[in-house]
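In the two assemblies presented below, chain A is common to both, partnered first by chain B and then by chain C.
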Partner chain A sequence: MASLIGSYSLFFGLGCSLLVVFFSLKDLKNLNNLDNKILSLTFLQFLLVVLSFFGLIISFVNSDFSNLTVFNHSHTTKPLFYKISGTWGNHEGSLLLWLLVLTLFIFLFLIRSKKEPKKYRILTILFQQIIIIGFFIFLIKTSNPFDYIYPVPKEGLGLNPILQDPALAFHPPILYLGYVGTSIIFSSVLAASVSNYITKEWAKHIKQWVIISWIFLSLGILLGSIWAYYELGWGGFWFWDPVENISLMPWLALTTLLHCILVLEKKSILTSWVIILSIATFTLSMSGTFLVRSGILNSVHTFANDPERGLFILIFLFTLIFLSLFVFFFFHKTDKKNTTSFFLLSKETSILVNNWFMMYFLAVVLIGTIYPIFLDVISSQKISVGPPFYHKLIIPFLIPFLLMMAIGPKLNWIKSELQNKFYLASFFVISLFLSFMIIRMLEISILINTVLFASAFYLFFITLRDFFIKGFKNLAQNIAHFGFSLLILSILFNNFLSTEIITNLKVGETYQSNKLTINFEKIEKKKMQNFEAIIGKFNIKNESDYIEILKPELRIYNQPNIVTSEADIKTNLFSDKFMTMNLVQNQEYFNIRYQKKPFMIWIWFSVLIISFGGLFSLLKKRYES
Partner chain B sequence: MKIINLLIIIIILFNFNLSNAKDINSSSKITKNLRCLVCQGQSVHDSDSEFAISLKLVVEKKIDEGMSEKEIYEFLQIKYGDWILYDPELNQKTFILWFLPLLLFLIGGAIIFKNLKIKKN
Partner chain C sequence: MDYLVYLKKDMRVKILLPIFVIFFLVIFLIFYKGLNHTNIYTPKIISNENIPLFKTIEFQSDNEITSKEVFSGNDYYLLNIWASWCIPCRDEHNFLMKLKKNEKIEIIGLNYKDKEKNAKKFLNELGDPYKKILSDSDGTISIEWGAYGVPESFLIHKNKVIKKIIGPLNDSSFKEIERLVK
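== the complex of A and B ==
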């Protein structure tokens, strides 16, 4: 029943799209206020998709196995929480969620843009509806979440256990809010080019959408990273895996756009560049979906793929790209009068340098992700591009980038002089000295590390000082930049100070090294709702005789029948202690991996600070108006 | 600026002394750069599959035999192909991969400094 309602809602939702397009085209000639029918229909469409989404959730909660999606991804013994989150833990449901956010955002856009010119608003609706219609057809045709099977099976196939996790329940919706937010930026920029409205006012209006998408995208990536850290059992948080890269690329483009919009808002220059960036951001989000769904990537995160779907998204993607190129070349006129020139040492230049480096990072990630696929297709040679590649190409460029992040915000528009050169230089000397001492202490040898540490410390100290000196001026920016320096520092310390012990132990045995002993005390068995847990109890004694107890688990899920290993993590401000155990085949031994990972929590925390910088600038704007 | 230059020189000198430091964890360093062929996007070091476990043993054995890091990569590359190495070596196939981003960086810089009307003081 719920499935049926959901299924019909989708068709009616698609119908709404067609009506909205019809009324918008009709309304385009009319110069008065926006036709109220458009607003009501957009709202109705949103409600219909909500209804459809709830239909799917209810089917999941009731374990209605006549629904193919529910049958493939659920099981009666699954806890309620994961029955619900299972709704978007699969391809069909996640696309429905995507559609839900699309329709929600265009409705929000309509009610939040009442002050904007009418033609621009209608055109935005039209462009957004093209995307929405594309997604409706994609959903109904290739991945309908309401397909049914007969005879009705008694039991479902279950959800992949590694997806049964709280972080992964929230990760997709939040990431999608970010991804789909870029669709509004895309539609809006096309509409603004057509109606010749790429101005300071437009920049001010679209900036909030850029920031909102940026916050959600940052948080979405953060949740994904946290999940990978504790669920995949190897204690890393970023592996430069293709799927991770794919979420990073729109983030890089969006961050660039965020900085670029600041210039447009103040100076009305760089209009073409803003258009290109907006188009690129959305295209990257879409191609991300394409690459993940089509299954051409080899990744830990691939969980649903089908070539037919890939082909559809590819065609759709190219349609959108051609559409946007058409709009860009035929409608966008660069306003020659308005170009103001500026001096080399100015805020404009520093933001351009930011854009320049960000685009380089984007190019590295893009080429590193795409090139192996490309090479495989043209010459069927397989190569892997992993962390060493990205480190080699990114880290050297990170150094000037960090220094620019510290100095850039201090410059004025058009013309600027560096004041207080003395303290800028002395901070640098202090940072260099400090990092040199640290490098000596850690006994790592490479010169580049010293400079990298120094530049991260430099940004850290400069931003820290600005909190006290500048107070509320540029606070949002300062928070975000401070967060970034903290992120780089935590990653560096985490990377250099992590220690790891891998050994095989059986119950009762003790591993001994000169720094600590690991005692495998016992194992317990526990029966849970949809899995059986084998819990190991380990006593870890360090040099100062302090004993810590860690209890990693093995979980044997009933459906699908998969064994997963759950890490036990003890977190404090300074370090994480991370332990996993795995079965060694046909033996009574367990493979134990114990890691001490310093400053782990600071990595998460600094991403939160960065996102909070964005949130703060939104709040401040509201407060000011 | 002079002070900074001087400091950099001092640091370089100090680092030369340290650069001969011994590689303690060379085995884990090597296995982190190897793809676990039977897994979905995990390194040999991070995986507990049988393939990864046996490969870890192979690497340790080769280190004991006195092979250098580079020789081990070459050995495995011949045996399993380029797919196993996470750090693609520079050759005809990967020329674009390594240099295209750098080229784009240069082009980007050229565009910025050519097209913008930068006033000179």
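== the complex of A and C ==
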């Protein structure tokens, strides 16, 4: 029943789209107020998609296995929480979520843009409806979440156990709010180009949408990263895996866009940047969907390999790209009088310089992700691009980037002199000295690391000082930049100070090194609702005889039959102790991996600070108006 | 990107637009080909044919070895194509370990497009069912055998393939192998 309602809602929702397009085109010639029918229909469409989404959730909760999606991805013994999160833990359901966010955002946009020119609003609706119609057809034709299966099976196939995790239940919706949120920026920028409205006022109005998408995208990436850290058992937080890169690329483009919008808001320049970046952000999000859903890349996000689906997204994606090329080349007019007035020492120049750095980082990630696919297709060679590639190409350029982040905000708009040169220079000397001392203690290669640490410390100190001196002025920006310096510092310390022990132990045995001993005390077995757990108990004694107990776990899921390894992590302010164990086949030995990872929690925390910077600027705006 | 505006508008349209269009068309074509890429090579199904001849490196000893040396002396062989990066290979590994106990059959592993370090780690973790492990670092030997992908297993009797199992071994294919070997 719920499936039936959901299924019909989808068709009616598509019908709404067609009506909205019809009325919008009719209304385009009319110069008066926006036709109220459009607003009502957009709201109705949103309600229908909500209804459809709830229909699917109810089918999941009731374990209605006559629904093919539920049959493929659920099981009666699954806890209720994962039955619900299973709704978007699969291809069909997650596309329905896409559609939900798409329709939600256009509705919110209509409510919040009442002061904007009418032609621009109608064009935004039209462009957004093109995307919405594309996704409706895609959903109904190739991945309908309400397909029937007959005879009705008694039991479902179950959800992939590594997806049964709280962080991962929230990761897709939050990431999608960011991903799909960029669609509204895309539609809006095309509409503004066509109606010749890329102005300061437009920048002021679209800025909040950029910041909202940016916050959600940052948090979504953070959740995915935390999940990978404790669930995949590799003990790292970023693996330069293609799927991670795909979420990072729109983030880089969106961050750059955010800075360009700030410039545009003050001074009518960088319009081409703004248009191209808005288009790039959304098309990069779409390409991400294409790459992981078509099976070209293999990962936990590859739900099903179906060439028909891949082909549809591919054609749709390139239709949007060509549409935006057309708009950009034929409609975009730039105001020439403003473009030449760049002074070397000004805030906009420093933003422009860092934009180019961001574009460089984006290009590195893009090439590292896409090039192996191209090579495979063209010459059938398989190469894998790993962390060394990214580290070598990105790290050296972080140094000027960080310095620019510290100094740039000190400059004024349009034309400026560097004031307080003395303290800027003295902070740098202090940072350099501090890093030099740290590097000497760590016994790693001196030159590049000293400068790298120094530039991160420099940003750290400068932003820290500004909290006290500037107070509320530019606080949002300062919070975000401070968070970034903290992120880089935590990553660096984490990277250089991490230690690892890998060994095979059986129950009762003890591993000894000069720094610590690991004693494998016992194993316990526990029967849970949908898995059986084998829990090891380890006593770890460090140099100062302090004993810590870690209990890593192996879970043997019954539906489907998969063994996963759950790390046990003891977190404190300064370091994480991380332990996993794995079965060694046909032996009584377990493979033990023990890691000490300093400042792990600070990596997560600093991303939260960065996102909070965005949130703060939104709240401040609300408060001021 | 603002330098775009220094060009006159018709210049932009005449020069830059075609460049962009061609650029994106090329990307489109490559992705399009990529979608079908897994189907580019379709080998014919072999059965009751002499096994292909090849020469490769043996894993443990790093010596060169020929197919004749590998498949002589025993009655039955199971050639198992596997890789450490292949998830289904983990599923079927249990069956291989069980089959190892059957003395009538020798299991030969063909390590497909893999790194030696990862492969060894895989076997350390899950156990080593193989009598010999041969390296197929570029995947060409598997193509000679007509493999569709990893994992895949060939049951060999007197230099002929008598059974080919596509995908991971399961209960029924495991029982069939035991029946055929008897």
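The rule is short, and it goes like this: the second predicted complex is superposed on the first by the 613 of 625 C-alpha atoms of A that agree within 3 Å, B and C clash if a C-alpha of one lies under 4 Å from a C-alpha of the other, contacts with A are read in each partner's own complex, and residues count from 1 in each chain.
Keep in mind that, in the parts below, a residue touches a chain if its C-beta (ideal position, glycine included) is under 8 Å from a C-beta of that chain, and two chains touch if they have at least 3 such contacts.
Everything numeric here is computed off the predicted structure, so don't read it as measured data.
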When chain B and chain C are modelled together on chain A, clash or fit: clash
First (chain B), second (chain C), both or neither touched by A:K382: both
Contacts of A:F318 with chain B and chain C, given as first, second, both or neither: second
First, second, both or neither for A:P552, with chain B first and chain C second: neither
Contacts of A:W273 with chain B and chain C, given as first, second, both or neither: second
Chain B versus chain C as contact partner of A:G236, first or second or both or neither: first
First (chain B), second (chain C), both or neither touched by A:N591: both
Touched partner set for A:N582, first chain B, second chain C, both or neither: both
Of chain C and chain B, partner touching more chain A residues: B
Those residues of chain A which chain B touches in one complex and chain C touches in the other: 339, 382, 582, 585, 591
For the chain A and chain B complex, residues of the former touching the latter: 232-234, 236, 239, 241-243, 298-302, 339, 341-344, 349, 352-353, 356, 359-360, 363-364, 367-368, 371, 375, 379, 381-389, 392-393, 397, 415, 425, 428-429, 432-433, 436, 439-440, 443-447, 450, 500, 565, 582, 585, 591
Residue ranges of chain A in contact with chain C within the complex: 269-273, 276, 290, 294, 296, 307, 310-311, 314, 318, 321-322, 325, 329-330, 333-334, 336, 339, 373-374, 376-378, 380, 382, 582-587, 591
Residues of chain C touching chain A in the complex: 1-2, 4-6, 9, 12-13, 16-17, 20-21, 24, 28, 30-37, 40, 93-94, 97, 113, 124-127
Touching residues (chain side chain B, partner chain A) in the complex: 1, 3-4, 7-8, 11-12, 14-15, 18-19, 21, 28, 32-33, 35, 39-43, 45-48, 50, 81-88, 93-94, 96-98, 100-102, 104-105, 108-109, 112, 116-121
